[in-house]
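Below: a set of structures, written as structure tokens.
Next, two complexes with chain A in common: one pairs it with chain B, the other with chain C.
Moving on, here comes the complex of A and B:
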């Protein structure tokens, strides 16, 4: 604790000396100067999901983005997937349960028999079996894990997707940087953004359906749409003569993003996908949503979150797993195959996780409860190595042997793998410096390519 | 300004300073501890001296503003706004909507020299003034946490009567359930005391908001420790106010109401960075701590009435002392927020970061406004009038040469608030009468449109609506929402119907006057005239395209 305070205080002093604790003095720079490249990449431009000044991105920064266009698919299995029935089986042990372990494409590595498809392509991802986190409740744990469980500095941290939207901005595709495919309702979801502000929230596709008003209104033909937008731009352009251009650019930018999205209505049309693909991913919700995630990533979305619910198997764990895990296994394996086939895994990080694992001990309802002490996360792609297994749990699967990794370590690893530069590893919240990931954690070196 | 009043204030300031010096000399801690109190008193002193000085200068305050602002401008300055720009700007600010085509036309044709002054007076005494102010302050104070009819009535009647601003704040800080007119003021507390889901009551959030909104200080970090970067923001400032709000709860009534419990002992707190126990009684941040009286003798054990006023009401002390002319921070924050609303830029920014290391860009202007606002008994119309009469306010937003940002060398673009935007949309498209024949009885269609419009355009709950952040959902709303596009369909003498029979040239003038509140330039007229074909069949559709493009262009979305 003491050392971290020192660190912060020192930093504070430096910031103050540089005069950075306050907004730049309005008298000393023009608005153009205030829009530094870093701000473009890091703040305003990133807001494409729900807002932002990113029209200014084109084309100066677009080139750089293209060269290094890392993307993320984040599969969230809400409630907690059992590591013992998936990534870290312990067959024939006290808590092992009835399922067997099967060999995988990685020599010597076994995973649960409920994941035969993933087993065949396991070399396209890595597993960290030594995850050890702090919270065993859903209500607090979900938020803590999704935010990387940073030190409490009195602010609400962003979820990973909002953080990536802020730190990396949209890709050159012009699509919103943070999309979320989920069951139930969709729309512009801002809660994930925390202190970063609503514009870093997610554009959510409820049950894979487009948000309100994405369909071109029936009264308007495509030609009319082009013509009216051109006229709108012409009026805006005339208005901005002799005035600040920022606002015009910002306004045009959101219309451009809207237009890009409207032109990609095909993303929401499942009939555009081959029957074969639909079978490979499965026709259940998680399958369809993972397939959609692949298509969103192909279309150029920076970060796609896919949500699945009902993994909280306190009762009848083994039947639940037998029903649920295959729903994850098929589409996850298909996703890895497809991304690999398209050569995209060098740039796309795929993560699958929950808020915690499940207890080795089987309760009286034949269920497993919450277990943050020792569980597993799958991750690989972009700058994160594939085909590795990091860490191990003890024989019974109850605790981690050797080095434990908290979610803070995972956040550091992901940000590093995505190429987030050292200087971007700190948010500036109105002068309050906030590390983007827990200050006491560090990346898992063995996983960094 | 009357002399005895001023002398009293001066005396009071000196007295308070002496009191604080006594406190300081007793303190064993770092001398920094009470720096803020000193700084504030110092400021108050300067403010008062300044007030004394300027009161000799006979110049009206708006001219003093101009002098102080112009002294700091280097480089080019925008000319005075053209009449059209002015009427749009001031009507948006004081009536909450753009002017109608007729209003603009007759203002442009008016030759009288004092027509701007006359317009300002007309708007200040007009029927829409109270609604516009209620809209502005509702968003500022509630930050889209939800609407309440009693609160709305409280704001509207207060602004209609031009109740002094500090009295209005006083009623918010100490709501009275017995006064039917004003009891809606409790909504400020009540909404914030409501629990969200399984979260406990957010007393800390309420404490923070009182500091932010009424004193311009965001003490959030000081909940757990002295602020790490802002020396002024000590944990005791937060905890002192927190100790008050910890004892406030929701009273179960059909209207917004609260109860308060007596504070019987000081609040104990520890910094997360230390282990030393500290205590504080109730206090207004940066003010003196209030004495907690000894609890009354043991009463006979009767079940107390939960709605009875507490034996010791710290809310009463807060309400009496926070929004007062002696509280320089209150005066300056009030002036700064009203200046921000009219100018699009705070003299102190961020608005809730008043502290000694964050000086105002124009300290003399801030002091002038704060002192004079207080001296004029917090007459809001007076303050609005002075700012609006200034050349600084009336400057054009357009210049031929680049001006230096932040110097007020030209008018800053301000995003229309969601409420202004919707009202202006109905005025521009001539649908106001049809959809909102009277404010008390909105049509179903209006209510539905308003809901969708606000969900696309208003800031998220709890997000201050301060900066321009255009959003994709706004673009999608304007591109595809039927309720929006239907405003453009010719019906019941709305804009598109009214102009459908006019000559192309007149169509264009009428569109510009109705939507942009000005006449087109030559090049704009050429651009627009190409849009209107002679061919009757496609004419209606082309007019709608023109109207749509103007409504969705950036010019319509900003106050410029």
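Moving on, here comes the complex of A and C:
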């Protein structure tokens, strides 16, 4: 690596500002982006209790976000959505299955009939139909894909959300940079952060609900709370002496995040959302969670991951798809529509993917198994072009025929689209240089705006 | 059970049926064709296929006189062809009989009416002679199976949510509902899964019309779609469930086809994961099956020869597996296998 390249340090060059740590934005100076905490909390408090984009942020913060603060919504369909029933249908072929392909808003491009809403707004996203990855198991594949499958250098790489949190930090909103809306439990999930350290983990909202005990107990006064926090800070400082700062930093960070979130309880109040929006996204879990992702992005969260589980259709695949895919289709289309209408797609990258696709071969249980050989990922927004179809599988959908890309290429493309310059694409892990994305891969130029 | 013949087809199949005279065996499935074999001689003889469909052909039936085959596909087309001729001609077709997947097709005992149902959630009736639409019934949910009552203008339809509806065709009204909810699960029962699972996959009246059976999976789950293959037997007059016939373990598959033997017992076949799923025979008045053969795995359909002693048992031969298993450098799909079985009752 050339010595002129600026390395992002994982533990030493974080910025501390009013008690919150911020990684430096790779493109901009701190004075341009990092508003004072008082300003941030003031913005948040002012936004509390109002719905919609305009009411969530003070105009200055909203303008700041609009101008150049890139954000990400990452929809993870855990288990593996079938590309043949969604992004890359092969109707009337050996492995095509029962469903038809339907035309989309992109002339000449068809997707599966189970996605009629997305078909109408496909010009707001792009599809890479030639993804070829290396792992056909969930146990290893989920991690490898979420980490961009970098070369093994003896460390655990961060998931995409943690990497973005590290590389880009929080937005001007001051809200936690990496939020995760998911079924089941919430809490602060540190595992995603890998070697970056616990602080870059995900703040998870189980079923879209705030973390337990987020709000201050009503019997505790503001003065008591301040005193309490000062005492905690003192204890933390003493505890951290002679120890790794990873965990104490993370601990302090969680308290800071909680402090910010306490002023944004409106984000967890579904009654603030119009009935029309709730219908458009769907009242099911994935619909509610994708709607919440939109609201978190509007509020200024840097990276929102939305998880949906149980897409692993080894049996009865076509009925499973008929049940599952519409639950993705409707809110995904609504999300693209809303972001586009608000002018946010220029700055918000939306990605939808799984750990792999599903086998062309239909097994005896009418299911499709795991297939990393040739599958599809949808992406668009921020610096990623919309309305393009990249790569091609063969007539049967079995293998990639043109422009094969691994997830490492996707990571490079996403980081570039988010404005992470080539010079910033290396971590410094206590002196160990580590490429941010697979060093043999490169951005897909056709997708870069 | 003795296997007399094994017929292989290069694509997986959904259904294989004997013609009423027993001279022909007709099958349909994943390749949008209707396959025909003359099975009157020593060995089955493959005849020219009927190629008139798209997607999958999952609904098929033969006229009582054995002259015509009706078929319906997953893109919504319903067609009628000659069955017995060397180059069967299309007699009529309805290009858009339904919006999307037609999952079930049945013919009335007098052969005059057809009924179709599928993803559109409506049931349509057709004049079998010319394909004219005669009635439409709103079922609300996707229809997985239907069957005409052998006596009278009554139709039973079963959906993917485990609801059976009885229709009076004279006045086109729904008379009642029967509960086959044991064959359905949704997110309220499946531990966080967001999938609606199971439903009624096959349905049949007994010849005397006193019983209705429907097949599917008990306590179905998503993902691997594991559950217990199961047939429910209803007393048609009362609508009461008289027997639940689970077969296999909770990690098996679906009872995909169920038929009444003329002697009154029920024959069923089922899938499982991986590679299990028996054929079984069960008298409704008894607590257990009196015959099952787990070696005949991955069943899709069965059809009794008019002589009552031969069974065409269709299975899927398509091994599961992740990744890219190549054979001789080729990525192969599954096949349909029809075993012609000869049996005597124990």
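Here, the second predicted complex is superposed on the first by the 341 of 449 C-alpha atoms of A that agree within 3 Å, B and C clash if a C-alpha of one lies under 4 Å from a C-alpha of the other, contacts with A are read in each partner's own complex, and residues count from 1 in each chain.
We take it that contacts are C-beta pairs under 8 Å (C-beta built on N, C-alpha and C of every residue); 3 or more make two chains touch, one makes a residue touch a chain.
Since we're looking at a predicted model, the values are computed, not measured.
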Of chain B and chain C, the chain that contacts the larger number of chain A residues | B
Is A:109 touching the first partner chain B, the second partner chain C, both, or neither of them?
-> neither
Have a look at where A:344 lands relative to chain B and chain C in the superposition and call it first, second, both or neither.
-> neither
Does the superposition put A:236 against chain B (first), chain C (second), both, or neither?
-> first
Thinking of the overlay built on chain A, is A:309 touched by chain B (first), by chain C (second), by both, or by neither?
-> second
Can you pull the chain A residues that chain B and chain C both touch?
-> none
Can you list the residues on chain C that touch chain A in the complex?
-> 11-12, 30-32, 54-56, 58, 74-75, 100-101, 119, 142, 160, 187, 192-197, 199, 222-226, 253-254, 271-275, 297-298, 315-324, 331-334
Once bound in the complex, which stretches of chain A touch chain C?
-> 79, 91-92, 94-100, 113, 136-137, 183-184, 284-286, 308-310, 312-316, 319-320, 322-324, 327, 359-367, 369-373, 396, 398-399
List of chain A residues in touch with chain B within their complex = 5, 8-9, 12, 15-16, 21-23, 25-27, 29-31, 34, 47-52, 139, 152-155, 176, 188, 190, 197-199, 203, 211-217, 219-220, 224-225, 227-229, 231-236, 238-244, 247-248, 250-255, 257-258, 261-262, 430-432
Residue positions on chain B within touch of chain A in the complex are 72, 198, 220-221, 223-224, 228-230, 273, 345, 349-350, 353, 357-358, 361, 397-400, 402, 404-407, 413, 459-460, 463, 468-477, 479-482, 485, 521, 523-524, 527, 531, 541, 545-546, 548-550, 552-555, 557-558, 560
